[in-house]
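Letters A, B, C, D and E name the chains as they come in the text, with residue numbers starting at 1 for each one.
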Amino acid sequence: MNVTELVMGGDAALFMSGMNAHLLDFLASGYNYWMAVVLMMIGFYITLTRSNLVKKIIGLNLFQTAMFLLYISIGNVANGTVPILTDKPGALYSNPLPHVLILTAIVVGIATTALGLALAVRIHEAYGTIEEDEILDAEAGDS
Amino acid sequence: MQHHLVLRVIAKLLFAPILLFAFYVQFHGDFGPGGGFQAGLIFASAFVLHGLLFDVSSARQFLPDRLLQVGAAVGVLLYAGTGLASVLLGGNFLDYDHLAEAPTSGQHLGIILVEAGVGITVACVVVMVFRAFADHLPCLREQDW
Amino acid sequence: MFVAILPAALLTQLPILQVAIPLLAAPVCVLFRRGRWAHDFSLLVTAIASIISVALLQFVFNGGVISYALGGFAPPWGIEYRIDSANAVILLLVSVSGFLALLQSRASIETEIPEQKHPLFYTAFLLCLTGLLGVAATGDAFNAFVFLEISSLATYALVAMGKSPRALTAAFRYLILGTIGASTFVIGVGLLYMATGTLNMSDLATRIPASPHHAVIQAAFALIIVGLGLKAAIFPLHLWLPNVYTFAPAVVTTFLAATATKVALYLLARFVFVIFEDASFAGTLLMPLALLAMFLASLAALQQGNVKRILAYSSIAQIGYMLFALALASTQAVAAAWLLILTHALAKGGLFMAVAGIALQTGSSNLDDWKGIAKQMPWSAAVMVVCFLSLVGVPLTAGFVAKWSLLSAIFSTSESIILAAVVAGVSLLTLLYAGKVLETVYLGTPDEQNATANLREAPLAMLLVALLVAAMNIYFGFNGTMLSDLSKRAALALLSGF
Amino acid sequence: MLFAFLIATALGIAYLRHLFAVVMLAGMFSLLSALLLLSMDAADVAFTEAAVGAGIATILMLGAMALTERQEKPLKSSMLKRLPALAVAGSFGALLIYAMFDAPPFGDPFAPAQVHVAPYYIEQTAREIDVPNLVTAILASYRGFDTLGEVVVIFTAGIGVALLLGGFVFRERSK
Amino acid sequence: MLTIASLLLLLAAVPTLVRLLRGPTLYDRTLATNVFGTMTTLLIALAAFIFERADLLDIALLYALVNFVGTIAILKFFRYRTLGKTPPLPPGEES
């Protein structure tokens, strides 16, 4: 059944039962987008300013996690349920497509993290430090 | 970790149930949350736990590094090979409808195959990466601690 | 000609085979234990990919756009591969560059990479190729992100294989900036999805005008331009590029310089012209950046003492040219942009090949160590001369065809003498730094302590490929109609929409 | 409330210099965000985010820390030097917030994202794929090629780490 | 009932978070992480009942597992400063 039909068709009982907002639904209410953006900014700021390479990667992780929250917020349907088909007739499912995209994005994120950390380890081996300022100093001395 | 008897016993006891849980997530992915990727992670976490409590070198005896590398490649090959198989059977790439007589059973077969590919690759790569990091002796000195 | 030989059933599968063959080959490459086998195998794979791309190009020219539904699901629901003239040219560029770079570089790889790592190195190379081909072929915005990340991750690892420890820091910085770029791009795609409910590029193009959420689309536009701009090293987002080109292994530099930024630029063009169809806004935004890039990067190139670094800054300036042409946004100008992409790949690829040969023999890419090297390595030096001439845009080289079409595009679009003068002025700057390098190579007297006397010419295989590329630079200078035909069709495909 | 937790954790990550604590905070950030994802009906994503963020990423970061440093050194650059970064992050956020004012309301079942492509999956999966979990159906079948790309990404990361850290290729380098 | 339980759990998470942020010792933080993980597991189990989706219990199980492995990794690192081969303990520190 189409989402549109469901609500337009006046399945009022279901709609009202949904209005008994569950706690977790309440927690994820309208200001999601804003909060995701704030988190994104914090992550971005950490990545740009911190000199420690591991901290940069953690900042990048925050940035990406906030991005995941944004995507999932896009796909959320009020009073919807987990997009696994049930026998319950007329169940309203959240949009599964952003979930799929974010699964892929999470994998890309962890792959980047692993590679970045491996690079940080090698940099520590070569320079004896993972502070960007000190590495830049060492490089300036080199050339 | 010679002296943490409790931990070592628990780890040994948990090893098989974790693998079982991984298989459950792998094959129950069609019905509940989970799938190849998550199952691969759980598989890997069993080996990571083992590597944490026993030395990585002992784990190498039954799971050599070369095998992990080959496993990671085999997973990708399994996935892409499923795609290629559907091309050879007359469909488009990754069109599982052509893998069996009925389209839906073809889809089932295709999904199981590709999820298996995902699981194998993820498990192998995660264990591989864990070992790459865990292999080196620490270079932290006591005073940095 | 290829199209005729191939069986019809195979022909319909060509778009996916273009990407799937290197993708399948990469894990197979891990299984090799000997580096030489891995090399020969990847060479074979890139050769097959090149043949497929030629066949695709012919097919597109004869039959128009190919749409391939992956998984057999019709486009807005499944992922679509969509090949038109614009990206068929890019596919050809990527696979042929991969083939030539690999063909040229066995000797340099053997000195730069430890023997045990060769199979993995070639695997990463094939993965990088797969990613770039995937980005060029796809018609789905999110799929483009996934393949962009495949190529980027492989690139980070490949760059870090350079001998100097600074390769590691270059790769790390590239990783941070590249990931920010990719995430920004993906946020933009997410916003587009929010406003239109689709991820398919042609579907996006039809649904964006009807969407009521203008601010969301504007923000998405800005984010996508910034994200792809980072990947394409558009000024001022180019900070990662000089160190990456300088410290990466030679083969990686050759390949990246010829392809990676161009693929990002292609995707940018696709988003601007096909999806947003709002080229005037992009033009006013990107035009000053392009002009700044052309000037400042050329000036920066003049001040460098390392040949690879000179070429890196020169690449940033040349990306400025391409962006400038795209920003003009007329059919003729976009055709000029495609010509610039192709000829720059030829010229810069040839230059980096020659540099790789000389650096292999001298063990250094500092200009000071190259004084008078032309006496010992006349052929490599000759390749550099030809490619530099093509880069500057001297008549009778491929570069001239591109620069000329850019100038005529400027005149026909805006009739602005100033813009034309700027473009000509930047070409003069190019001539200056090219002259600086060539003067040292030909007329410099070697320092006492640097015994260049017993240097020999680069290995024959390296030299032959470099000479071939140089010859292509000259051939297309005499016979420019083929290239301009290609790029005209590409521009028409982009501007007419899907 | 969860968002308040998340932001507190993120700020903690920004200001603590003890990397060990930062890694633990990052793990917790992941758990919290997984909880939030779950509350937005994204069961599969929460599942993965927990396993990846709180599990694998934490362990990898500990492994990397064992080979590098424990303590972040105080920032040398003055606040003034960090202003451009703040400006970049700020304008980035401003752009997004500007977009969000025009966004479809949160949870709106008539938002474009909900009415165009997605209903097809919800309606057709039972017939075409016959798998109850819609996420699995899209992941493995409708957008199976993305997932192939995802597997290749993981494979690439494995190859990259093996290239960088030697892995099994040569192991005498451990010092 | 379930709602009240989850509210209480969230309230209980606040002091844990404070401990994690303030420290002062590493052991406090490790313990706080562990306790937080346990509470998350419970919260998800509750969510499974609130949503009436028993599938979600799988996630709770996974959280428990991840929390266990993660805590062991943290503790091992805490004690030996490595995740791999266990170096001999400094003299006088044998447990």
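By definition in this document, a residue touches a chain if its C-beta (ideal position, glycine included) is under 8 Å from a C-beta of that chain, and two chains touch if they have at least 3 such contacts.
Quantities reported herein were computed from a predicted structural model and do not represent experimental measurements.
Taking the definition of touch as given, a chain qualifies here only if it contacts subunit A and subunit E alike; those chains are B, D.
The most distant chain from subunit C, with centres taken as the mean of CA atoms, is E.
Two chains share more touching C-beta pairs than any other pair, namely A-D.
Chain geometry summary: the mean Cα position of subunit A and that of subunit C are 31 Å apart. Note: centroid distance subunit A to subunit D, computed from Cα atoms, is 5 Å. Subunit A and subunit B have CA centres that are 24 Å apart. Chain centres here are Cα averages; for subunit D and subunit E they lie 19 Å apart.
Within subunit D, contacts with two or more other chains are made by residues 1-2, 38-39, 43-44, 46-48, 51-52, 55-56, 59-60, 63-69, 96, 103, 111, 113-115, 117-118, 121, 132-133, 135, 139, 141, 143-150, 152-157, 160-162, 164-165, 175. In subunit B, the positions touching at least two other chains are 31-34, 37-38, 42, 45, 48, 69, 72-73, 76, 80, 83, 93-94, 96, 129-140, 145.
Counting partners per residue, subunit C has 23, 26-27, 30, 70-71, 142, 146, 149, 153, 156-157, 160, 187, 193-194, 199 as the residues that reach two or more other chains.
Across the assembly, chains come into contact as A-B, A-C, A-D, A-E, B-C, B-D, B-E, C-D, D-E. Interface residues of subunit D, counted against subunit C in their complex, comprise 95-96, 98-99, 101-104, 111-118, 120-121, 141-146, 148-150, 152-153, 155-157, 159-160, 162-164, 169-170.
The part of subunit C that touches subunit B in the complex is made up of residues 13, 16, 20, 23-24, 26-28, 30-31, 68-72.
The part of subunit D that touches subunit A in the complex is made up of residues 1-3, 6-7, 10-11, 13-14, 19, 22-23, 26, 29-30, 33, 36-45, 48-49, 52-53, 56-57, 60-61, 63-65, 67-69, 72-73, 75-77, 82, 85-86, 88-90, 92-93, 96-97, 100, 103, 105-111, 113-115, 117-119, 121-123, 125-126, 132-135, 138-139, 143, 146-147, 149-150, 153-154, 156-157, 160-161, 164-165, 175.
Against subunit B, in their complex, subunit A makes its touches with residues 82, 84, 103, 107, 114, 117-118, 121, 124.
Residue ranges of subunit B in contact with subunit C, taken from their complex: 69-70, 72-74, 76-77, 80-81, 83-84, 87, 91-97.
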